[in-house]
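The same subunit A turns up in both complexes below, where it pairs with subunit B and then with subunit C.
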Partner chain A sequence: MAKDLKEIKDIEEIKELGWDELLPGAALFSFREPVEDVAEIPMEERPYAPTNSHEWQVGDWRVEKPVYNRDYCIDCQFCWVFCPDMSILSRDKKMIGVVYEHCKGCGICVEVCPTNPKSLLMFPEHMDNQEALAMWPKKEEKK
Partner chain B sequence: MAKKYELNEVEVWDGNMAAAHALRQADIDIVAAYPITPSTPIVQNYSKFLADGYVDGEFIMVESEHSAMSGCVAASAAGVRAATATSSQGFALMVEVLYQASGMRLPIVLTVVNRALAAPLNVNGDHSDMYLGRDAGWINLCSYNPQEAYDLTLMAFRIGEDLNVRLPVMVHQDGFICSHTAQNVRPLQDEEAREFVGEFKPVNSMLDVANPVTHGVQTEEDWHFEHKARQHNDLMNSMKTINEVFAEFKDRTGREYTPVYTYKMDDADVAIFALGTTVESARIAADQMRQKGIKAGVVSLRVLRPFPFKEVQEVLSNVKAVATLDRSAPGGTFGMLFNEISAALLAGGKKPVVLNYIYGLGGRDTTINMLKEVYEDLDKCAKAGEAVVPLQQFLGLRGPKLSFY
Partner chain C sequence: MVKKIKNLKEFSLSNDRFEGANLMCPGCAHNIIVREVLNATDDPIIVATATGCLEVCTAVYPKTSWDVSWLHIGFENAAVAAATISAAYEVMKKKGKLPPATQKMVDEGREPKIVAFAGDGGTYDIGFQSLSGAFERGHNFMYVCLDNEVYANTGGQRSSSTPIGASTTTSPAGSVSYGEKMMKKSMVEIMADHGAPYVAQVSPSKWKDLVKKVQKGFEVNGPVYINAQSACTTEWKHAPEDTIEVSDLGVDSCVWPLYEIINERDEHGIIYSTKLNITYRPKKKIPVEEYLAAQPRFRHLFKPENRHIIDLWQKAVDARWEYLQKREEAGV
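Up next, the complex of A and B:
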């Protein structure tokens, strides 16, 4: 009998399931319970199932990280729109920062950032964010 | 609401028209298709039915067979009934997606009109495409004439969609000899066919937006093995459902289907084991051999996958020699039927002479006389108690006699 993956709390438990306990077709549900309008529920309040990719942290794949600088951001939401891993946190159209648990360090947010200087820049993974902010470049003059 | 199609008790349909009517009666939501000879008329007829108001579902013209099956996968995962048709090169292009469909456990129906695979390019019938897809995890049903193509296509929906099965189903028919040869077909009336096929039962539907679900996930070494094992388990156990659906269909129509087809096997000393339209020719050859005093019979697989291992053992338990006829180039070994039938016999402790004939490639006609030659070979082997002819021969081939093993 297939187990209801929504009932399982611990991701490690899923990894131990036998062939007879898996849902046929490897279908995976996103939430533990029905969700009527997911767009209206903030990420931290969504009833994620353990099989949702939200529960799988891939931040350690990263070798460079995007650092966010509030001083220059115009809240245009480009980074939020383009991030392939939903790793840009934004509330009420205000940019908050980067979710490092899920960011793989692809740099797309930096690429699409339109400000001068950019409000997101890539820095080595091991560098402290405060240190990165202290060495932020100045505005580039148009030639 | 689709209009009722007025059908006579007996219609004169070729295999393509028969399959097209079965698809029409099955109330399919999505047919995504790309035409290819000799299966083109299936989807061409179907799209005409749709244009004339006899179909409620959608027809999606796509840019390739890969897309045709991808469209069916998406529709089926979304939670609706999907089907398509193809042949040969189109089938080959679909292969990647055939594995997706079975792995994702989507009960799609694919009507396959069997045709040779290039090169050399050839539009005629052989079983190269059937053999190419036999490991793809689908249920495979085989027909020999338009009536069976119709019957099995209707039954395919019931079998694949059963909640204990949830696997895609192929229904095979021979290119041209079946697909383009008009014969008498006794169809069910529309309402009776609809009642038999029943409503589609969605499972883990993507259109259930309150319960978002991911289909076609990635599983690496931690899960993949278990998922493929479960898929194999459910495919093996689908024989129970297949038999139930065969029985219910017999109750409705009087037409009986069994996983292994037999003709005059009760007392047979020698048997031809073949697939497709050749079965009907072999029946005539067997009758003629019996007039000469040779107890000849015919065996075929109605269900190629799951393979009816026990039934094959049982049917062949008393034969002295059996010829396995493979209509696909064997690519450096024996044909598939030789290997599988030999394995079943050996495991059952039987050791009749087993011969392998490669025949009919690219639409080469296989005559009654050729099949009688096979029976003559078998008779010689049966009387000698051992193989007195080469194990692998080519039937109906020009040039010097070609044989191996």
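Up next, the complex of A and C:
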């Protein structure tokens, strides 16, 4: 039986459902309810539908993850602007951290971070972040 | 309404309307460009995308990565789709038939922005006739070409944007060939010759230049063409973390010059004046060789028998840079 999208409440249910099981013409919505002015609403407050990729994760693509060290960060926002995957969380002009559900581990944020030592560094995925912070390198002397 | 973006900190206040957990490759520049374009405004945006990596990987059943109105269209007709949306919008506005939420934003001076995204295959090649038609008719929309110089989504075939010497699956380098034989088409000038009021070339690594040009484009009335350099980690074969560095090398070697062309055209398509501005001048123009060396798609050019192609590259880039400077100087 073809299903109407309105009957689907749970993301797990959609994962089980083939495209050919939806009613012809069914639309997959970004939000659970109409949102008039998306640009004014921060991600945390949006009523995402389960069919919005925001509700999914690609973190398991990574073998290495970026770890963030607040101690050296100057909030320049280079990491924010160049992250291809909306995975640098910045609020009120401050860098807050990495969204590990969406980060694909590309390493661009680490490359563009200008501080010395860097405020973002790649570590093996399985390593604990506290452990990574404890072994953070010291300032590199200019040669 | 022009969004105030004085510096990067201010830009970072933007609420992204393009979502994570899309299936683009790690380090893909297409995504960085899309973010910078969408975040250049807080006004409503309607997007049409041509088939290509961006369309295919941001709308995989049952997900969408778009929080703006988004139209999935064919490979060859992103421009005509956007032009149609634009024409329909103008009629609805004139007849007072816009949805109330949209009407409210229009009353506040926040006109919807209509943007088409397409790859170089969808722009330089297969989408060219619909793009040319939409520009000739003068519809009010912005067309952004995500130029990774290859048909990336189908496994890396050459397009008319692929530059000389690049190894692709249909111009493979080997014992008898140095790869692609033709230099890429000058798409920016071709689009400017349609009389479009605003045409520009951008790179995602120079975010401020890109955002400024997109904002200028949103303000003019008529078709706007933006040619965006899009480093492709999969087909250019560089490491994902090097996307921004490779982009910068392109800009600083003048392989990818940043400039804009402003036309004054009337409703009959008569062009009264044309002005070209170079918007970024490298402090030190680096050799093209450094740009090529950063991308394994050009690795074979460093063999002794292919070295002459690197010399040819440098000559071509120097001549183009010279040409752009002359045009800027002459104000044409």
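One rule holds in what follows: the second predicted complex is superposed on the first by the 122 of 143 C-alpha atoms of A that agree within 3 Å, B and C clash if a C-alpha of one lies under 4 Å from a C-alpha of the other, contacts with A are read in each partner's own complex, and residues count from 1 in each chain.
The rule is simple: a residue touches a chain if its C-beta (ideal position, glycine included) is under 8 Å from a C-beta of that chain, and two chains touch if they have at least 3 such contacts.
Just so it is clear, the model here is predicted, and its values are computed rather than measured.
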First (subunit B), second (subunit C), both or neither touched by A:V58: second
Which of subunit B and subunit C A:L17 touches, first, second, both or neither: both
Subunit A: partner with more touched residues, subunit B or subunit C: C
Which superposed partner A:G25 touches (first subunit B, second subunit C, both, neither): first
Which of subunit B and subunit C A:L133 touches, first, second, both or neither: neither
First (subunit B), second (subunit C), both or neither touched by A:D85: second
Touched partner set for A:E40, first subunit B, second subunit C, both or neither: second
Common interface positions of subunit A, toward subunit B and toward subunit C: 15, 17, 19, 28-31, 34-36, 38
Complex interface listing, subunit A residues touching subunit C: 14-15, 17, 19, 28-31, 34-43, 46, 51-58, 61, 75-78, 80-87, 90, 92-93, 99, 101-102, 104-108, 110-112
Contact footprint of subunit A on subunit C as seen in their complex: 8-32, 35-36, 41-44, 58, 61-68, 101, 105, 204-205, 207, 233, 239-245
Touch list for subunit B against partner subunit A, complex: 103-106, 166, 204, 210-217, 219, 222-223, 225-227, 229-231, 233-234
Parts of subunit A lying in touch with subunit B, wherever the complex brings them together: 15, 17-20, 22-31, 34-36, 38
